[in-house]
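One structure is given below, encoded as structure tokens.
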Amino acid sequence: MNAVLKTFSTEGDYKVADIKLADWGRKEIEIAEHEMPGLMAIRQKHAAARPLAGVRVTGSLHMTIQTAVLIETLKDIGADVRWASCNIFSTQDHAAAAIAASGTPVFAWKGETLEEYWDCTLDALTFTLPDGTLTGPQLVVDDGGDVTLLIHKGYELEQGDDSWVNSPSGSHEEQVIKNLLKRVAQERPGYWTRVVADWKGVSEETTTGVHRLYQLAEAGKLLVPAINVNDSVTKSKFDNLYGCRESLADGLKRALDVMLAGKVAVVCGYGDVGKGCADSLRAYGARVIVTEIDPICALQAAMEGYEVKTVEDTLGEADIYVTTTGNKDIIRVEHMTAMKDQAIVCNIGHFDNEIQVDALKALAGVQVVNIKPQVDKYVMPNGNAMFLLAEGRLVNLGCATGHPSFVMSNSFSNQTLAQIDLWANRETYQPKVYILPKKLDEEVARLHLEKIGVKLTRLTQEQADYLGVPVDGPFKPEHYRY
Amino acid sequence: MNAVLKTFSTEGDYKVADIKLADWGRKEIEIAEHEMPGLMAIRQKHAAARPLAGVRVTGSLHMTIQTAVLIETLKDIGADVRWASCNIFSTQDHAAAAIAASGTPVFAWKGETLEEYWDCTLDALTFTLPDGTLTGPQLVVDDGGDVTLLIHKGYELEQGDDSWVNSPSGSHEEQVIKNLLKRVAQERPGYWTRVVADWKGVSEETTTGVHRLYQLAEAGKLLVPAINVNDSVTKSKFDNLYGCRESLADGLKRALDVMLAGKVAVVCGYGDVGKGCADSLRAYGARVIVTEIDPICALQAAMEGYEVKTVEDTLGEADIYVTTTGNKDIIRVEHMTAMKDQAIVCNIGHFDNEIQVDALKALAGVQVVNIKPQVDKYVMPNGNAMFLLAEGRLVNLGCATGHPSFVMSNSFSNQTLAQIDLWANRETYQPKVYILPKKLDEEVARLHLEKIGVKLTRLTQEQADYLGVPVDGPFKPEHYRY
Amino acid sequence: MNAVLKTFSTEGDYKVADIKLADWGRKEIEIAEHEMPGLMAIRQKHAAARPLAGVRVTGSLHMTIQTAVLIETLKDIGADVRWASCNIFSTQDHAAAAIAASGTPVFAWKGETLEEYWDCTLDALTFTLPDGTLTGPQLVVDDGGDVTLLIHKGYELEQGDDSWVNSPSGSHEEQVIKNLLKRVAQERPGYWTRVVADWKGVSEETTTGVHRLYQLAEAGKLLVPAINVNDSVTKSKFDNLYGCRESLADGLKRALDVMLAGKVAVVCGYGDVGKGCADSLRAYGARVIVTEIDPICALQAAMEGYEVKTVEDTLGEADIYVTTTGNKDIIRVEHMTAMKDQAIVCNIGHFDNEIQVDALKALAGVQVVNIKPQVDKYVMPNGNAMFLLAEGRLVNLGCATGHPSFVMSNSFSNQTLAQIDLWANRETYQPKVYILPKKLDEEVARLHLEKIGVKLTRLTQEQADYLGVPVDGPFKPEHYRY
Amino acid sequence: MNAVLKTFSTEGDYKVADIKLADWGRKEIEIAEHEMPGLMAIRQKHAAARPLAGVRVTGSLHMTIQTAVLIETLKDIGADVRWASCNIFSTQDHAAAAIAASGTPVFAWKGETLEEYWDCTLDALTFTLPDGTLTGPQLVVDDGGDVTLLIHKGYELEQGDDSWVNSPSGSHEEQVIKNLLKRVAQERPGYWTRVVADWKGVSEETTTGVHRLYQLAEAGKLLVPAINVNDSVTKSKFDNLYGCRESLADGLKRALDVMLAGKVAVVCGYGDVGKGCADSLRAYGARVIVTEIDPICALQAAMEGYEVKTVEDTLGEADIYVTTTGNKDIIRVEHMTAMKDQAIVCNIGHFDNEIQVDALKALAGVQVVNIKPQVDKYVMPNGNAMFLLAEGRLVNLGCATGHPSFVMSNSFSNQTLAQIDLWANRETYQPKVYILPKKLDEEVARLHLEKIGVKLTRLTQEQADYLGVPVDGPFKPEHYRY
């Protein structure tokens, strides 16, 4: 459906769209470094000790300019890194090229097929020992949990449980994963068991991936210690909220140059991501309607002046739909067939199943016109047009360049501290889900203050005693919500 | 200093400013009931079972119209209630009159002296058994922890530890409390021990009071189970945030009719209260500067576009100062003497020690002109004027009428559910600090949605399974921050 | 209907509620002077020349603290002033008392009857010459045009045209005016002709009053030169917009302490006043719906994200109605009988006919409960309650204290400059409607910048030449809209 | 300096970057038509009458997708159109290709040199009569006044006044124009006199171009009637304000993906454009500082809570500078050398002389690194980097795609109505500057309401009489400011 064909070069141990973009990528990485003071401070602090010296790290995380700075931070503190993107549309090709050109194996380009995507994930997982043996990472940086899923499912299969790989698949992607596992089983017998033997931990970036980890842990199936990076305050209350506030409109604008003022926009879900999206759309002069399942979040939306109702009640009235829920089947085929002419539909949640794209494509009488990459016009059976962005995948990464560097510096500082922590405590941590201590959370924030000219007040000892906290923090109880 | 003299009538078992205000108070209570759907729903649900039937409850909480609805809710579900305000300036006299006229003992008027205030607290504590014996409450509704403090300190003294009551006092108020305890020791020997014997629990409203409770619990000195109502989401993220967003400007306007647009306002602290205050002031067109000790909150303020610096750096530039920290000595004498002419200084945190009012009054060369109740002009030694509102006590309650009914309905629904819970579990709860379960928190929100026209989306079973939550909630993990 | 009886004292040449409030009023006037730098600068500039020396000036303008500063500015530059309020509810009694106590005749108290109101207007008009002859003002400061109306109608009658005074009246107020004119005709024969002979001009404050003046001028009936102060940029784009943004919520809060967040508010009219009201309500978290007749203003509202529909379409959905149109019959009886229970209805336009209050009172089956002064609960035939504020008169002045000093300093600086201008050019001005020159408009703004710390950039001569404007302004063409 | 070479194809009577982009352009034009209801309504209304049948029209206006809809509207109502862009960076190449492919002569591509730009302007001016004679347009659609300038200067030269073309040039562009005029004088003797003979009028889009027209008219040098489209309310209060609110951030994001939250941004000028820019940046969480020369606009900025100071006072503090003034030398070399490291500088005013780009390039010790088209990094003598966007030209058009369709539909509806009006009144209009009547202004707004779901209220006859306006408008006096 996408009119632009993608090729990729694999001259070295990498697969990128065009290695000649490396110079451009490098210039933008240098710009980003100035906007990512947290990562740069961590580099400086650990330059001598190199706490990840020689540690094999696989990353599966949107291969953007910001991620490039993360990758080079991990390398600076010693890690041996291999990388894939965690979304078929989210790679910035010049970023990938710059990383490849610097000698780090990276397997990612914008516009992968699902088969290519999962192959890339396997490539990023596959380290080769000096003796030629294929092995896996010691640590994983995950975003959405695809690497974690692949290792767990591969290991399960090698443990003799083939029920999943042989079950019917609910989606095309599920089948792609099963096919890959079967192929690995043939080509690399015992591979996953070797991988698990060396694997010491995973740090996870997203609400969705963390949710999966808690489910695995509750079921007693989690194989390694995990750090929930998403729920660091300096991640979920920054990246999810402020990141989306910056990047949602960016995606909409680059996709369709649409006027937001005067439009009616429906934001499905009013968590941190939804809050950022609603705030941004309203600031542009859109009238925002929120949908929610949770009465607390719904009341928050109402207190901010948003109308709260169901998707059904907005059909024919709304111009723009954005899903932010982490749930599935939010915008369903019956919704899409009843929308106003020229409605715009997109998703900014991690997975693309928030919108029923497969069912839409299968709907009789639908015509699709590709306008440009990641922008498709669907002419519905009733003649109305609907614009679907990034094929239902993350619109800010598919149609724009994702969150800006400064906010990602917070998230990635947490990721880096989590990797260091996992390795340092590899002997003692259990296969559970951990959260970084508040002291580190506050430290991440602190590293970003100077860049934007913030001057903190310092407690006197007397005040600290009155509050019952140390002068230098941590300042808040664990249950504090910010 | 206050030019308006206050008198109070005590014809029955109450002390109020003017019982003739009861009719007016009743009319406003009826209006408030429509704005407090949570409390009204609780009345209806428990009308038959009357879960607090015959339970003696003492409340120490701003005696406003909204509190009147809380009091009558507690009575409706069976409680035997006595009430005092928790602040010398926060009583609405027509509310107190209406409550008194309805037969509930209440001891509160606007503009108490500190001596009167603590006497009222004791009055609210003092139940008389049919045989004439003086006893205390079985449950306490506390706001700031004054009742809890008094009982603990009284009990400590009766246990033989008189170190505190005989130590030098750091403030006038501290000495007032000590004097009261000594008097009770003479007049009612063994009284506090009897009180503690019957006391089954306390629910606490404020950040400050909760902080005290955790400190008591950590020190092993907490005498009863306590429920931290403040940290229900539907309290701290509503009352503290949206309540202050509504009531801060109200206090400023009623005090001084001042134009907020174009002014430079300093908000000290960027917790929930500070967030609400900053948001409100900015919406009026003020330029807001935030001060913070916590790097995370400071970064949040910066992400919202506020300048973050220290109080010292704003002197001479800022027109308005608001303290919201829960800490002490935020605005110090040396600050006040260096402020711009005509600066306005006020506090919206629970206690009045955020501003050094005692030290200000003691400063040589200061002249004070009372403009009207709760508004004083201080002419500083350098000739500059400074307006101090409500003598440094809560400006929204001292100069206006506190938070509006709808948001208090959330807080007070939590209070009521906490009281019911404490009594129901009185046999099993330990002397620890509890938080209400998320299910109840969501229920409180749910009770308020219909009134404002919110229509929730309902999960399908399939979606609920995908998320791993029940269809009817609770929907979020405990660490979720909203 | 109003439960609070008003009395007034007339020991001297004044009628005020309570002369003992003068001290309090004086203290607040002194505070206001610091917030009104424009007026204070004009005092200073003209202190020596006293351009209005001995000129008789009648003012009809809300008798507030801010107006007191205006009055004393006029006196400082030489005028002989008499004053009335222009609204039965808008007087601040302590302001009136302070002015009376200082020796300026003032006739105004909060809660006048319509008969009293028009008598006060006549009192303010009536100067006595040294020989005891009654005469009128040489200049008029008008707000809404009541003085101008009275003189024109009185003069018309003396000219022999008694058609109007003998025609049936459309409202009670109209009849009050006619009765007054008939009485004056008996008591003071030839009075209005004498008044007109000396009258040199009027400066008018409001959109409504200016509209009347243009109609008079177009009909060739305007008796004197008039200056349209309302359409100075520093009046209409400041007072109307920012003034209402500050004072609407103040009126609502003091009247009903209502939570605005989560409410649905309808703002009728999206001119400058409506823009300020809508902006304020939204900032509090209300969901605002706008009604408009003008497609340009309607499109502006839509671009700001407001839903635009008719009053009819909001019935049953909206909680709060505010009229801002300058038109009549905006909220009609059929609307009020179909509103949601507990709806709040108020007006912030100049006249009270935006809401059909007379018809409401006459409606069969309506019950009225006075809650407190300026707050009435109407129980409608269907049992729903509706709160009417300030009996349909300006809610910000009836229920609060009107606009804050700083914005009024802009408006009143224009008024003062207009008075000076009218007198200086009394020989040459024609009976037309003038607007102050842009240079003066910019000067008024300039006088207010320093107080709020604004630092202007100054054009170089080269830049000024490039733009084709003088280095010191005026900077914009006449049609510029700001 | 720009790394991407541009070529253009001239197979037919057009010059565009790549005619193969026509299909993509056409798809986007079709999308835009749905967002431009005003233009589509005008097409429909005038489809039969074709009021511009056979009229030669030259347009000089950013060759974007929206302009393509304007061009095809003019053609639909009969015009014979030739087009150029009015800025070297503002063309969207797929839009130009689609217009060229449809047979309309267009001369525009993104990234022209100044020589190419003025050649294109001449191409757009040059019509060929059936007998082969070269002639010019009968009507001009101008944006910034370049076509008007060229004709006036050419005519002046042919009238014998060669003082200007032989004077020293203040900029490179000025010399380019003079060279062109000299060449035309040689190649086409008497050409400009023929052009002027047939020329009936010009409609002008921008503040800047209108300013030039008023200066010409005042000097008695204006050759034809002109309509000031910029000052239609539905242009200046929409395009300038809401257009920039939508497109400034779009330009910044596409250029540098920069986080706006937490940054300090300086907006130079607080007219309609500046208001839109400041509003947008603040909504993203930037802290905005405004610079102004006009005390009224400065006071408006302060009332909205912006700090107002000079550029000099922000150096070292601010991260982003945006010029919006219409004046020159706003950001000077001495400013740029004193900025914070990594500062971003851009312009959204019509001409590029707001920033001293020429002087910057000439500065000793400056190094330039091109990051990507329209994004240059200047390394200053002190080692600090500064990013200059679009070489100082309009950042929203150079780095993004300009204003969105809906707002341009308002502006271009005014342009089209102005063209129709100029032609209809060509016999009676004088060489003066006209503004469209308010009735048409309201009509433009009305055409855009239905698309966004606005429902107008309609006056009753009685209300209209009370207001003294027709039931269907126009509703406001000429001096009304909206």
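The chains carry the letters A, B, C and D, assigned in the order they are written, with residues numbered from 1 in each.
What we mean here is this: a contact is a pair of C-beta atoms (placed from the backbone, for glycine too) under 8 Å apart; a residue touches a chain by one contact, two chains touch by 3 or more.
Chain-to-protein mapping (UniProt): A, B, C, D = Adenosylhomocysteinase.
None of these values were measured; they are calculated from a predicted model.
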| item | value |
| --- | --- |
| Contact-pair overlap exceeding half with A-B, pair selected from B-C, B-D or C-D | C-D |
| Result of counting contacting C-beta pairs for C-D and A-C, higher pair | C-D |
| Identity of the chain that, by mean CA position, is farthest from subunit D | B |
| Subunit A-subunit C separation of Cα centroids, rounded to whole Å | 57 |
| Distance between chain centroids, defined by C-alpha means - subunit C, subunit D (Å) | 42 |
| Multi-chain contact sites of subunit D, meaning residues that touch two or more partners | 242, 261-262, 285, 299, 302-303, 307, 452-453 |
| Touching residues on subunit A, where the partner in the complex is subunit D | 24, 27-28, 31, 34-35, 65, 242, 245-246, 249-250, 253-254, 256-264, 280, 283-285, 317, 341-342, 369, 371-372, 377, 387, 400-401, 404-407, 452-453 |
| Subunit A to subunit C touching residues, read off their complex | 261-262, 282, 285-288, 299, 302-307 |
| Interface residues, subunit A side, partner subunit B - complex | 211, 214-215, 231, 233-234, 236-238, 242, 272, 291-303, 307-311, 313, 326-329, 410, 435, 441-443, 445-446, 448-449, 452-460, 462-463, 466-468, 473, 475-479, 481-482 |
